[in-house]
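Presented below are the structures under discussion, each in the form of structure tokens.
Next come two complexes built around chain A: one with chain B, the other with chain C.
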Partner chain A sequence: MNGSLKSNYGIWEKLTKIDRRLIYLFLFLVVLIPLIYPFRLAPRAMTPVLKLFNHIDTIPKDKCLVISVDYTPDTEPELHPMTIALLRHAFSRKIKVGILCISLLGLGLAQDAISIVTNEFNSKALTRNDSVIYGRDYVFWGWQTPVLVPILGMGENISKVFPVDYYGNKTDTLEIMKTIKNYNDVGILVSISGSAIPFYYITYAQTQFGVRIGVGSTAVQAADFYPYINSGQVTGMMSGMKGAAEYEQLVEERCKIYARRKATDAMAAQTAAHLWIMITIIIGNIGYFILRRRK
Partner chain B sequence: MKVRLPLILVLITGILGALPFIIPHRIAQNFDNEFRNSVLRIIAAFSLVLGVGSIVRHHIYKIQRRKENWEYSWILLVSLVITSIIGLFGGIEGNGSLPTRIGDFYFDIQTIYMHAAIPLGATMFAMLSFFMASAAYRAFRARNFEATLLLLAAFIVMLGSVPLSTYVLPKLPDFAEWILTVPNTAAKRGMGFGIALGSLATSLKIILGIERGWLGGTK
Partner chain C sequence: MNISTNPWIWVSAILTLGIFSFLYKENPFYRVCEHLFVGIANGYSITFVWHRVLLPTLINPVAKGERLWLVPVAIVGALYFTRFIPKISWLVRIPIAIVMGYGAGASIPRAIEASIIEQLKATVITRSTFESIYTGLWAIVIFVGVIATISYFFFSRERKGVLRPLSYLGIIFIMLGFGASFGYTVMARISLLIGRLTFLLRDWLGIIK
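Showing the complex of A and B:
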């Protein structure tokens, strides 16, 4: 009798002490399998994403969208699809786009997103008007530091902050810069970042110049921006890979842009990983409760 | 003078940095623009030199003294030198004076960045998920009422963060959104006010020379 009680006790104790290598192995498998055999889970756009999409969708012709690519390679899987989705949206609606980086490591990623989306549009273009042309439809200003110099300086004169663009052209000579002088010509500025850079935009660009701010953040950081959404200082937000997938869904549904949706494809793996983590927590708690009751 | 000069500099720059937010006059604004566009950029350029110098010195010292993992310092130094030369003379996409291609093998900065920096960075970040899963399993126990509440909120937000919940429980993502919008905002605002007041007090102490920890312990 005593022995049987002890063996039962052992099972519950084991539940609270699963080898971490086993947890790692299962996590590896639940992420890997959906990536190899993906199943698509179409996300429903939540309010912050819808607000951002609708605002960009209704930017007046004389204003532009500015994307601040402020993320680094570590958060690329989560945040890069956001930049791509925003560019697809803007180019499909013929909205002029200005791109800059506050984080130095964002330069290569911004260049990659521009190459992907411009190639997509230009490969289907039949006339020059349909094409996405550098200097006419978009501009890549490049990188500027320290953080307050571009954020405050763009409120006065963007060309002064970026005298030359990423490719070495004088920004003043570009056609697009005749209509984009400062924040007054910006419909919305979307800062995509895994760090605190969007806070700088909210604190300085939004408060001092009144420019609309959108945010693209990692999932773990998203909670920090909700107070600013509620106060109206942030117009809309994409949070994490799900936010990016929701935006991709809207771009496909409303702009009829059919292209690879990396965030949506990764949703299956993320779903499986979340479920596995929840299962391990439940298992751990079952063991913990039964042991506590017996003690 | 060694102490007084930095204190005077901080006092002046601190006041000059704050005044343009309060004085909308053109002179104050122009001065602030010039200060930011010229002085701050020069300081940033100096900090880059200082940063590179500091990291090189630190790793040379590590190699000389054969400190723990000193072998990795070689990798850092060699990578730093090679990528700097390629970046300075080879151009971003191989359009500089230095050739950045041997046959079909490209090694311009954008290629190095896309095929080395991004996978390495993403790998480091991806490792976190394993530690998070293990830590969540070990530490997330419903030990008391507060812990249970936290656990429930985490479950709802986690489930709400994946599209599957829309199919299974259509209202769950909205509830997760409500948790983030209402209770989360309430807590964050309270914390925000506290942090802002604390930052203000600390900034004033630094500007006025009361807090001198940044001087590096010099009396």
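Showing the complex of A and C:
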């Protein structure tokens, strides 16, 4: 009896002292296998994502969607699919879109998302009306600094904050800018960020100008934004890769846009990795309690 | 398998593997990649600010004799660089004072409104909260959670009487919060790993579509 107990303790002791590199290797395999042999999960949209989608879906014709691309390449896997899904949604509903960056490194990513989605729409367009045209359907204002200048300045006059757009055109000569003057013409502003920039929008744009704010955040930050959803200061939110996958699902279901869904494709690997981490946590805890009892 | 022939994809893939090598142990390959990242990000930012901000909005107009009021503003901004000259380094206080003064004036009233007053309002339970059982129940949970959590951070009195169970309840709410944050953090980190692996498998090796 004592011998079998001793051998049991030995197993638990070994399990709680596994080399961390071995755990990384298993995690690597657990993520890798579903990427090579994928299975698709259909994510069910949670309330914050649904609220954001519904609000954008019902933006009046005279108002626009503003997307603030405030993330950098390090958070691209989580946040880039959100920008792409928002653009698909807006263009499919003929909602005018303004895009800006407060984070400098977001410029290239914003340009990439715009290229992907405009190419998707324009490759299927039969007439000029069906096409997505720069200056008529969307505008890329570019980057402005420091953070308070664009956030407060856009409440008064967007063209003054961005006298020239990302491509060097004079902003006030663009057709779309005749209907987008300031926050009064914005149906919702969605800040997609891996940093504190959405807080600036909540504190300044929402509090002072009453503009509706949506948030696309990394999963790390998501818990910080829930109180603002509860208070109504944030209209809706996508949190992490899961939030992006839920929005992609809604865009496909309701807008009938069938295109590559980067976040959804990754959810199988995400789920497998979560299961693996849960297993290691459970094993670690059981081992800890068994060994503590022995002591 | 359809390996990329684009040299930039190869550069990205090698740098990615270099960063991943840290998981095994600290090594020179990892350090080279880390320093490259910091250097390139800074270089990109500096050149972008020069070409897209300083040249078009300050240097070019002033050189043409326009917007001359920007000159004293630019001089005040340039005082930040006095930090590198010990004798006159005290001058750096001027731009810092202006920025802090502006920042405090602009943010304090709005931050109080956004983060305290609006949050307090959201905690208040009114009759309309109970329009549905679902919202009513959550409103009570939030109300109790806020009171219990605040009571945990009340250090001016010994935890006796009502304060004792309330602060224990506060710990439970705090732990739930930490648990949610941990779960989200795991998801975020795994997402980044998936992003890099997808790049390696699709863009570099061409194993997946």
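Here are a few things to note about the model shown:
Heads up, the rule we're going with is that the second predicted complex is superposed on the first by the 287 of 295 C-alpha atoms of A that agree within 3 Å, B and C clash if a C-alpha of one lies under 4 Å from a C-alpha of the other, contacts with A are read in each partner's own complex, and residues count from 1 in each chain.
The rule is simple: contacts are C-beta pairs under 8 Å (C-beta built on N, C-alpha and C of every residue); 3 or more make two chains touch, one makes a residue touch a chain.
The structure presented is a predicted model; accordingly, all values stated were derived computationally and were not measured.
When the two complexes are overlaid on their common chain A, residue A:35 makes contact with chain C while staying clear of chain B.
Of the two partner chains, both chain B and chain C are touched by A:242. In the superposition on chain A, A:277 contacts both chain B and chain C. Within the superposed three-chain model, A:173 lies out of touch with both chain B and chain C [touch as defined at top]. Touch criterion not met for A:58: it reaches neither chain B nor chain C.
In the superposition on chain A, A:75 makes contact with both chain B and chain C.
In the superposition on chain A, A:184 makes contact with neither chain B nor chain C.
When both complexes are overlaid on chain A, the residue A:122 reaches neither chain B nor chain C. The intersection of chain A residues touching chain B with those touching chain C, taken from the two complexes, comprises 24, 27-28, 31, 74-77, 105, 145, 148, 152, 208, 219, 222-223, 227, 230, 240, 242, 270, 273-274, 277.
Of all residues in chain C, those touching chain A in their complex are 23-24, 41, 44-45, 48-49, 52-53, 56, 103, 106-107, 110-111, 113-115, 118-119, 121-122, 142, 177, 180-181, 184-188, 190-198, 201, 207-208. Against chain B, in their complex, chain A makes its touches with residues 18, 20, 23-24, 27-28, 31, 41-44, 46-47, 72-77, 105, 108-109, 111-112, 145-146, 148-149, 152-153, 156, 160-161, 166, 208, 219, 222-224, 226-227, 229-230, 240, 242, 245, 267, 270-271, 273-278, 280-281, 283-285, 288-289.
The residues of chain B lying in touch with chain A in their complex are 21, 33, 36-37, 40-41, 43-44, 92, 109-110, 113-114, 117-122, 124-125, 129-130, 132-134, 136-138, 140-142, 151, 155, 158-159, 161-164, 166-167, 173, 177, 180-181, 184-185, 188-189, 192. Partner chain C is touched in their complex by these residues of chain A: 21, 24, 27-28, 31-32, 35-36, 38, 74-78, 104-105, 107, 142-143, 145, 148, 152, 164, 202-204, 206-208, 218-223, 227, 230-233, 239-242, 262, 266, 269-270, 273-274, 277.
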